[in-house]
Each structure stands twice: as structure tokens, then as C-alpha cells.
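The chains carry the letters A, B and C, assigned in the order they are written, with residues numbered from 1 in each.
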Amino acid sequence: MTAPDAAVHVRNVSHQFGEEGEVHHVRALADTSLDIARGELLCLIGPSGCGKSTLLNVMGGLLLPTAGTVHVGDVPVRGPLPREIAFVFQENALFPWSTVMENVVLGMVFQGVPRTEREARARRSLEAVGLADFTGHYPGQLSGGMRQRAALARALSLQTGILLMDEPFGALDEQTRMILGEDLSVLLARTEKTIVFVTHSLGEAVFLADRVAVFSARPGTIKEIIAVDEPHPRRPEFVTSAKFHALRNRLYTLLHDEIRKAVSQSASGGGAPDQRP
Amino acid sequence: MRHLHRHPGLARLALVLGLLALWEIAARYLVDPMFLSPPSRVIAGLATVFRTPGVPRALAITLWELAVAFALSVAIGLAVGLAIGLSRFSRASFMPIVLLLYGTPQVTILPLFILFFGIGPASKIAFGVSHGVFPIVVTIVAGVQNIKPILLVSARSMGASRWQTFRWVIFPHMIPSFFAGMRLGMTAVLLGVLLAELYVSTAGIGYFTTLFTQSFDPTRLFGLISLLAAMAIVLNETVRRAEVHFGRWRAE
Amino acid sequence: MTPRSGRRSQRLSRAVQLAFLIAVLALWYLATARWGVSHLLLPNPTSVLAELEDVLASGEFMGDLRVTLTELAAAFAIAALGGVSLGYVVSRSPYSVRVIEPLLAGMYSIPIILFLPLYVLFFGLGPASKIALGATIGFFPVALNTIAGFGYVDRIYVVAARSMGASGFQLFRWVLLPAALPVILTGLRMGFIVALLSILGSETIASLAGLGHRIVHLAEAMETARMFAYIAFVVAIAAALNFLVTVLEARGRR
């Protein structure tokens, strides 16, 4: 794709935690480059510890890489860009002491949205994720799936061009993931956001993404990028189609050896440290 | 500077030394020596504290009071704790009473203890026991209570008698709580005995704290109190180590 | 246990507690009225009641109560302000938490009441020494809990807020403070209780006024019945204050 269509440029990004020779030294990412097109949904998939969450944090400005650059349009990313980038984390980051509505509004307070717009935007995004009836509830009163919907609503209400999601459904059971995945696909088809989505699940990656970037084991780099040529929103029938199976099998083949490598890595040495900045 | 960063223990030591230095300066140059004594003089004066006639014996008596009070607290606490804890009914009946008594400010009845037990070591021991039994009873009851029912069921399924269940399942399960209770009990006994000593004492350490206070001798007073504080730390630490050692199987 | 038998055993427990109370009162009465225990040692329950009525009716307790409560208010104010401020400052960096928190915890583990004679030497027998000691002892649970409250806010909330563009003040106001508040309130309650106990203790041991002193004074004058009355009064006051702060803490936690 040509440069004006690319929303995010990742150039030769490497990252290591700790210094050479230290106990915690981990080379998380090695020389990764990537161009993400405006409006596309890109999945990052790979074995544990391969650096995909690290790359996401670098893209979002939560982490400064030890080498390489990231640009959003022509703006270099050196810190959080709350007007351009919104996050959904795997660990639930809704504030437990505020209601769902308050949580969504708070995101806009931080970003700097004028007071008059906040509540209207909040209601719209909560309706979009199906939580219109739960605005007065506290996160502790909701199920895991509903909490992640609320987190998504908070991110959507910020109306950023880019949405970064770090295994948002990782803590949920298979059935909830399936439903949320379908709803997410419908929701995202309506927006024109650029989305980067980290996942462990092969099926989830094929179902949601326009392209899937497959990572190698640590130190992670992009092994191959697979395109999923299927219109949005993805229908549930897609999952049982032959095309889906073929793509999923390709992912499996690409990943299997890397996963084995990662498992033997974590058995011999320590695991990667918490990759959050 | 990097070293301080790696070793918070060192930084802590530096902080304590800094505070001691401030104290030294304040005591030497800013405050009337009748009220405050610098650490240098206190440390030098520790020997004279020991040489003051009656002090070593008073320390010994106080230590003895603590030991007896602790032993009694443990014995009584264990007996009462087991008696209450082993049956759900006695728990429901008596725990509210225990907790009510535990919550009252015992310091108000200190003069009563002196009235009943006199001004000698007996009242110090009694007051110490009165403080020490409660945490032990409470923790033992909790330790017996929170045993996982599945353990009791599995013992019964293997044909264990009531005594066997107690000896091999309930009792071992309760031991870490028992040691936790002893740790809290030691802190409580220290408080009880020392409070009683400070209130009125003819042979124990409280006699000398009063003496040094009334003769405006901050050097020896602080020396004596430091010794008592050191003793308290040693006792607390001993019980804490025992707790860690015997509570090893509890992953929490 | 079926609901019916559950309720029955609950009532049975209550009956046992009542029986226990009655037994204690009966023993007390018998000891003084029938078994010849000296009334200087253990006064008759009826005379204690009479003395209590007299104390309450005459308002004799007011002076001492005022002294004790003033000392408590002053000590707690100092402990709360100092504890929360220091606690917040220390919590700002994980390194200072690692250095200072064990130091504070260690200092709190010794019976600080030991230092009362030093405080009396320095401040005299008046309220100042009680306030100073009460503030010293009350400081620790407040500071330690404030450090715990602010220092252990789950990082994910901080990261999420920063990713949404929160300023330093917004972070404090909307994330750190609400997250830390329940723990801090617990620390304040503990500090209050501990300050009260230390003030009563120091009034008992070395004082010229206050409720603790009044009890000692009556003991020395062998006015045992009146002393018992005052003990009951002080226990009631302490229980009321305890209840008050517990309720306030619960309210503060919403």
C-alpha cells in the first residue's frame, strides 16, 4: 500500500527488557517492521512471550522501544496519544469504584472532551455494545464479558482513529468469546477505525482480521502475514466454511513450531517480565 | 549512590543514622539537658543503668513476669480456645462474649487488678494474662473453624473416630493459627505487663522508670526504656520466627 | 442444618449468653452480700448502680470527660494529618516504600507506651504529654495504611488513565484517591482507637486530670463503688466512640 493509506508505520522496532547480563534481561522484540492500513483490522498472533503485547504497547506509546520508530501518520509516537489511540486491555481496567457510566465519562474527562458532549457520547457507545440497561451498575456487579464490553464502550467513546486491543477476551470463556467476537465484528464494520488486536486464539484471528501477522518465538519478529479476504461484518457461517478452515490450518502450521520453541524457552529460562511500562 | 538504590536496607540504615544525628544535635544544643539527652550520652550511660542498684534484678523480675504471663496465656488460651472452637454451638454461644470482652479497653480496669492482686508481680502477671488470652482464643477458634469440610469428610470416610479426627486432622491443621495467636499474644502480654509495671511497681522495672523520671534523669531513663524496647523486640521476633517455622505448610 | 433447626440453635445460643450474664451478676451479688467479700474490694452491684446514677445526675464526669476528649481530638488530628501526608509522600515511589515502610512497621511493633515516662519528663504531667503520646502511637496505623492504600493501586488503572490522557491531578483525583480511600479510612479508624487507648492508659499511669486519672484517684481513695461506676462509664464511652468510627468508616467506603 502507498504511504498516505498507512495509518501506522512500524520501522525496525526492537525492544529488550533489562541490560545484557542481568537476571531479567529479555530480548522481547527483534527488528520488526509493519505498515497498517487505515481502516484495517490487523491481528497479532504468536506464542507466549513473543513480544506481541510489547509491540502493541510500543505502538500505543506506553513503551519506548530500545530501537526503531513508530509513526501514526507522520507523527512519531513517543508517548500516549489519547486523541489518536485508545486501548482495551486484557486485565479489566474499569475503575471498580465508579459505575459503568462514570467509567466511560471519565475516559472523556481525561481526554479533554467538553462537558456538554460527554454524556451523549457515553450513552451512544454503551448502547452500541449492548449495555444501555447497565449504565448504573458497578463493574463488580457485571460478568466478565459485560465488563469488557464496558471497557470497549469507554474506548469507542473516545472517538480515536486507532484502537489497540490486547487480548481483550483472554480472560473469558469460549462461549462468551464467540458471542463477543461476532458482536465486535458487527460493531467494527460500522466504524472506520484502524484496529490492532492481539490474540492467542487462531479462530478469533481468522474470524475478525483483515490480515493476521504471525510472530516467531522470542525474540519476536514477524514471520509471515496472512490476508483474510472476506467482507465485513463477518457472518457466523464463515466459521464453518472451507476458506476459514484452510486459513486456520495455515496459521496452525506456522505457529506450531514457534509455540514448541516458546514452551522450551520458558522451561529453561525465566519467563518474560511483565511487559507493561 | 547506585548502591543505595540496590540495597534499601542500607538506605534505611542511613535514614536511621540521620535521624539519630538530628536527635544528637537537638539534645546537645537546642534543648535543656534536664529534658532530653543525646544518643551519645545515652549509649555511654547504659553501663551506669546496669550498675544502678536494683536494676538488673528488676529487669530479671520483669522478664520473669512476662514469661509466666505468656505461659499462662498460652495454656488458658489453648484450653478455652479448643473448648469453644470444637463445637459449632459453643462457638455461636460464647464467641460473642469473648469478642465483647476483647473489645473493652482493659486499661481502665488496671487499678482494679492492683486492688485485687496487690502491687507485687502477681498483678502484673494477671494483667498480662488478661491481655494475652484473647488473641490466642480468637485465633485458635478461627483455626479450628476454617478447616475445609472435605478434610473432615474424607477422614470420616476412612473410619476415623472422633479422637482420631481431632489428633490427626483438626489439631495439625490448627497449629499455624496457634502460632499466629501466640505471636499476637506475646505482643498483648508485653503491653499488659509493661502497662502494669509503669502504673505501680516496687520491685520491677516500673519502679526505676518512675525514679528516673522524678529525678529528671533523661539519660538513664532513655537507656532503661531502650533496654526494655530491645527486650520486647527480641521476644516478638522469637515468637514470629517460631510462627514462620511451624506454619510452613500453609502456602498462604 | 435445616432452617428451622438453625433458628432454634440460634435462640439456644442466645439463651446460653443470657444465662452466662445472669450467672456472672448472681455470683457478683452473692460474693458481696452473702459470702463476705469486702466491699472495699468488690462493691455491691446495687451500690455501684447508685454511684453511677449519682455521677451521671450530678454531671461530675463532665470535667474529666472534656479533658479526655480534647486530648483525643488533638492527638487524632495530629496523627491523621501527619500520617496521611507522610504516607502519601512515601507512597510516591516504590523505592521509598521499600525503604521506609519496614522501618515504620518495625517501630510500631514495640509497645510505644513504654516511652510514656520520657514524654512525661519532657512535657510534664499535663495534657500535652498525653496528646503527644497519643499522636505518636496513632500516627503509625494511619501512615502505614496510607502507604498501603496509595502504594498498591493496581498498575492497570494508572496505565489505562494515562493512556486516555489523564493529567497528574486527574490521576490523583479520579484514580489514586478513590482506590486508596477504603484502606486509608481503615487506618484512620485504627489510629483513632489506638490513640484513645493510649490516652486512657497514660491518664491512668501519670496524669492530673481526665477519665483515666479519675479512676485511679477513686481507687487510691478506696471509693471502690464509685470507681466501678466510672469504669462502666468509660467502657460505655469507649464502646460508643468505637461504634461511631466504625459507622463512619463504613459510610466513607460507600
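Couple of notes before you dig in:
Everything below uses one rule, namely that a residue touches a chain if its C-beta (ideal position, glycine included) is under 8 Å from a C-beta of that chain, and two chains touch if they have at least 3 such contacts.
The shown structure was predicted, so the numbers you read here are calculated from the model rather than taken from an experiment.
Chain C has the Cα centre that lies closest to the mean of all protein Cα atoms in view.
In terms of C-beta pairs in contact, the better-connected of the chain pairs B-C and A-C is B-C. Distance from subunit A peaks, on a Cα-centroid basis, for B. Once the centre of each chain is set as its mean CA position, subunit A and subunit C turn out to be 50 Å apart. Put simply, the C-alpha centre of subunit B and that of subunit C have 18 angstrom between them.
Not a single residue position of subunit A touches two or more of the other chains. Multi-chain contact residues, meaning those touching two or more other chains, do not occur anywhere in subunit C.
Of all residues in subunit B, none touches 2 or more other chains.
The part of subunit A that touches subunit C in the complex is made up of residues 60, 62, 80, 82-83, 85-87, 89, 91-93, 95, 97-98, 106-107, 109-112, 158, 276-277.
Contact residues of subunit B toward subunit C in the complex are 5, 8, 11-12, 15-16, 35-36, 88-89, 92-94, 96-97, 103-105, 107-112, 114-116, 187, 190-191, 194-195, 198-199, 209-210, 212-213, 216, 218, 221-222, 225, 228-229, 232-233, 236. Residue ranges of subunit C in contact with subunit A, taken from their complex: 155-157, 159-167, 170, 174-175, 178-179, 181, 254.
Those residues of subunit C lying in contact with subunit B across their complex are 9-10, 12-13, 16-17, 20, 41, 95, 98-100, 102-103, 106, 109-111, 113-118, 120-122, 196-197, 200-201, 204-206, 211-212, 215-216, 218-219, 224, 227, 231, 234-235, 238-239, 242.
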